[in-house]
Amino acid sequence: MAHALYKAHNVPTPDGIVIDSLDKLDEKLNNIDYPRVVKAQVQIGGRGKAGGIKFANSPDEAKKICKELLHSKLKGMDVNKLLIVQKANPIKECYLSIMLDRDYQKPVLIFSANGGIDIEQAAKDDPDSIIKIPINPLLGIQRYNIKYILKKSNLDLNLEERLFPVVKNLYELFIQRDCMLVEINPLAINGKNEFIALDGKITIDDSALPRQEQILNFREELNEEALVKEARKFKFLYIPIEEYGKVAVMSNGSGMIMSCIDLISKEGIKVGAVLDIGGGATADRVAEGIRIILSNKDIDLLFVNIFGGITRCDEIASGIKKAVESLSSKKTVIVRIEGTNKDKGMEIINTVKGIISVDNVREGVKAVVAKMEVI
Amino acid sequence: MSILIDENSKIIVQGITGREGSFHTKQMLEYRSNIAAGVTPGRGGETVHGVPVYDTVKEAFEDTGADTTVLFVPPLFTYQAILEAIDADIPQIITVAEHVPVHDMMKIKNLLKYSVSRVIGPNSFGIISPGKAKAGFMAHRIFSKGNVGIMSRSATNCYETVFMMTNSNIGQSTCIGIGGDMIPGSTFSELLPFYQKDDQTKVIVLIGEIGGIEEEKAADHIKKHITKPCVSLIAGKNAPKERSMGHAGAIVASDGTGSAENKEDKLREAGVHIAESAMDIVDICKRLL
Amino acid sequence: MAHALYKAHNVPTPDGIVIDSLDKLDEKLNNIDYPRVVKAQVQIGGRGKAGGIKFANSPDEAKKICKELLHSKLKGMDVNKLLIVQKANPIKECYLSIMLDRDYQKPVLIFSANGGIDIEQAAKDDPDSIIKIPINPLLGIQRYNIKYILKKSNLDLNLEERLFPVVKNLYELFIQRDCMLVEINPLAINGKNEFIALDGKITIDDSALPRQEQILNFREELNEEALVKEARKFKFLYIPIEEYGKVAVMSNGSGMIMSCIDLISKEGIKVGAVLDIGGGATADRVAEGIRIILSNKDIDLLFVNIFGGITRCDEIASGIKKAVESLSSKKTVIVRIEGTNKDKGMEIINTVKGIISVDNVREGVKAVVAKMEVI
Amino acid sequence: MSILIDENSKIIVQGITGREGSFHTKQMLEYRSNIAAGVTPGRGGETVHGVPVYDTVKEAFEDTGADTTVLFVPPLFTYQAILEAIDADIPQIITVAEHVPVHDMMKIKNLLKYSVSRVIGPNSFGIISPGKAKAGFMAHRIFSKGNVGIMSRSATNCYETVFMMTNSNIGQSTCIGIGGDMIPGSTFSELLPFYQKDDQTKVIVLIGEIGGIEEEKAADHIKKHITKPCVSLIAGKNAPKERSMGHAGAIVASDGTGSAENKEDKLREAGVHIAESAMDIVDICKRLL
């Protein structure tokens, strides 16, 4: 994704071609210059070490690598696409990123003359090697920002002419594409004093995806857990918490979900996953939510904790009834509902076999503990 | 006295002709909030539950002298709607939408310094001063008038707390939904001074959660400026790192920034009572009142 | 100037052709549609009444008008250019302008549904007919600004789609061209609900002219007083004050010049013109300044009042001596110099015949009064 | 005490390697101002009159902790130079260039609300606290230490006044060149509070001129907040309308806005002593001290 977006925003990248099938390899690979680098397009860390980056000095070598790499698996991820780029001959490699800093409430520009580094590690080991400048979003990138970066990195001030447009374009990308982070690592300087983005990473604000159609397409390709995807179809949020946790929590708000995790964890019990059904819970949606989270095989017990503010408790109860009865699951379901029409809701709940109903969160957690001791 | 919203507040509803806007206008009117005007471009001249609709915020403001606007508009339109309200000099802008892009809020937050406006939210349930008025969509039946001021990043944790408070005969002065986003329009530390000055508020409750450093800033502020007893709950102690917990802002960074432990330590140092659950908040308030 | 800039910034104007010579009139005028409006391109108010705007229904009429109007004089100004535009058929005429408001320290957008008006007169007679909105320069024009304008003017809200781009482009022009004022009057609405700028005015910030080359070219064409131009060559500022005033003031700063005018005027004496030689006065520059202001025939008396802060008084005195002796003018020169090396300066001044030297401004004004009673 | 500039001020000179910058650095050093650093991009590492030169303001600020910067840069480069200083969080930015485009100052003035910086000028002679320090290009020999605080839109009228004051043994606490432009970075009313608080200042002199409404605003401020005696001269009573008198800001509009009469009326109403000339200012100060 990063490579394509850099190209679209005039952030210089090595020339490259994309290979997504083994057809016409001769045609594609015979008439380009060599040496080249073949990169598997998968979103994993340590791609190089995992064998996802290889060097080719000739068309034949390139073809051989393509046949090996395409459609193989790297760290469990399918390789469906290769990028074959010119081999840069950097005389220096730097690090450059822009991230949205929530505490400054501004974009922050980060630069280091030592490229290829793990920036978080470097920040601990040698904080002085990293230059960090908050950018006033009403001003954007100014030339003096670049001059400052170069001076502080002991680089030639004359590089400003070349570095300024790179940073400016990267900043435009950052703003226009609603990025949380754009990172170029390494950012190479070649013999002609040109800057080239050799590798990079881009993270987008989830909330902005509806207005970033182009990026939405990229994301669809990402591998995600099946239950997360399934939940998203219903606009539910499914979050895996601890591996092998046997308890699940379902509720109608993030705060309440976090509180439930905290209270259950405090008792020494692992929460495996949670599901947030959000506001406006109808019977049907409640039923869908229960179906999804119980389809996680690790889960033995579900704590449903719904505080209906404006939503009616009888509506919620109907949903729970529907789900539990139709699933004929042997998993334990503990229910706490509160809010408007609570009495009517409890009447419905009391007709469902196998549901443990509790009056408040504290009781709910106690019931979870008691039940888990038995299981 | 209560703060920010009361029976004298004049409120505009932006997006009043929409499904949510219309429904919650009715709810607010039933709570006897003074809804002075609504705004929907192209629908000026109509009325919604008897409230006159205008095409622009500026007209609505000029005709009514409103001091607060509540935005029932979709997340991608929130930026424009806030701008329009800022530009019309509305003192208080309450924005409830979830999933407002964080770049939009970054721009707004930086622009606010030039303006006379305060923004509450986004992703906020609004503000309620029980028995006086509400501006937002909170389930008002569970609230009761009293002396505890509450600010919360989470709606559900706030409801839960208020519900149990009211059942224990502890009322609230004003409850504010800070909102669960990464860059909220107003933070705990920016709102604390209002509670400090308010005669009605005897105890201040801060319902925080993991992510960011706003609770830490609030602890600093409390240490220096707040003389009233404070109680705080931090949700998300057991949330995995680097994973947003639903609220865009509820995320612990890989270096541990935003962890519940740090927040609780700082708050405790500032003399704040730390609660482990909503019930716990109520128990502590009982002792303090 | 306005017409060309509107075109460059996509502010819609009627199609037009420029005529600046009587050559090839047939070629230019036979193949365009009629009726047309012929407008003399001169910077004067009340151009229509002065005969500068005429209507042509045919090529022959247009040619006849061109021959009469081109190279004629209107209110004393040479007509060197004509603009021949399509005749708009407005169903409504509005007023639209953006000005830099020094008190708001922001651009202010002004609109009225009554076009062709004198906006200052209308502001007095019917202030409610004029909508005025300060624009936040960090936000620019927003759609809600346009909606507000239309509502307040009782115009159809659907016109927003058409008016928004016009105002937005006009605002871009205002910002990019360093304008103090951009005005469209009238702004016509035609039968297709299109907005068209029929006539307009643009004023540019003098200080920004060095970065507005295109506009600098337009300005060179403007008629200005000869002495103002002459003074500008030396970076002096020559300002005519009262017609037939016989006293001139020369000094090295605007504040001091205004104070001198005030003190002399208070004695009932008319100041005809002033010249500000600015900072860094050398002997040569002082001499040039005196030469220029004394070449105004109305002036009988010059009060030179120089407060040399860092500048040396002997340098200034040499300049005065040089000018007065070489001009052999019979005009009276009263001199007050103050600052570093004042004594040396006074020694020089005292050797020049016909100069009245005074010790401070108050004495200087007394001397002016005394001398003018004699003249 | 004096205000804004004194012997403890640490000053940066932007454009220090230029002809003007270098000359006035020497002058300021002779007056014993603490010139901590200079800035000229591409000239970092050099020295000018012993002052170290940096490539960027941020570096100079970080190394010296300067609190004031004086800009000796051409008018069309002033905008960028001010931005750089604002962005480096320099508290006080003094800009002397004439003919800075008014759009540039409009943007700066609107950005300032968002920053920790104050801008003096453009088209200002700078600030001097006689006997302590100067930051700017004023002819410092005519100034003397004392108890009159002066703000002036005009350099020459200020010099004339100060010259006669000093000759009459009346010294000055701090003199500030507001500058003659249409949109000054700081106005009379924004600077008056400093004089009010300053022990050393016994009388405040405002040298204004035609154009704008800043003197009117100052009159309002004086009425409400200033208890020290004030004296004012307004230049340009007899200037023709709609013609700039050299200072971009010295212009009376066709509707009479900005006229000397209006300013004097408002100031008189606020209890300010109106002077007819520089000499008159001195006479009035004599009576008041």
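Per-chain residue numbering starts at 1, and chain names A, B, C and D are given in the order in which the chains are listed.
Simple rule for what comes next: contacts are C-beta pairs under 8 Å (C-beta built on N, C-alpha and C of every residue); 3 or more make two chains touch, one makes a residue touch a chain.
Keep in mind it's a predicted model, so treat the numbers as computed, not measured.
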Co-neighbours of subunit C and subunit B - touch as defined: D
Chain whose mean Cα position lies farthest from subunit B: C
A-B or B-D, whichever has more C-beta pairs in contact: A-B
Geometric centre distance via CA averages, subunit C-subunit A, whole Å: 60
Gap in Å, rounded to a whole number, between the CA centres of subunit B and subunit A: 28
Chain centre separation (subunit B, subunit D; CA means) in Å: 44
Separation of mean Cα positions, subunit D and subunit A [Å, integer]: 53
For subunit A, residues contacting two or more additional chains: 136, 138
Touching two or more other chains - residue numbers and ranges from subunit D: 110-111, 114
Overall pattern in which the protein chains touch one another (line/ring/star/complete/other): other
Those chain pairs that satisfy the touch definition: A-B, A-D, B-C, B-D, C-D
Footprint of subunit D on subunit B - complex, ascending: 110, 113-114
Touching residues (chain side subunit B, partner subunit C) in the complex: 41-42, 44, 55-59, 80, 83-84, 87, 111, 114
Of all residues in subunit D, those that touch subunit C in their complex: 27, 75-76, 99-103, 106-107, 109-111, 137-139, 141-142, 152-160, 163-164, 180, 182-183, 207, 209-213, 233, 235-240, 243-250, 254-255, 276-279
Of subunit C, residues touching subunit B in the complex: 133, 136, 138-139, 142-145, 147-148, 151-152, 157
Interfacial residue positions of subunit C with respect to subunit D in the complex: 100, 102-103, 105-107, 120, 136-138, 175, 178, 180, 205-208, 210-211, 237, 239-242, 251-259, 261-263, 265-266, 271, 276, 307-310, 338-340, 360-362
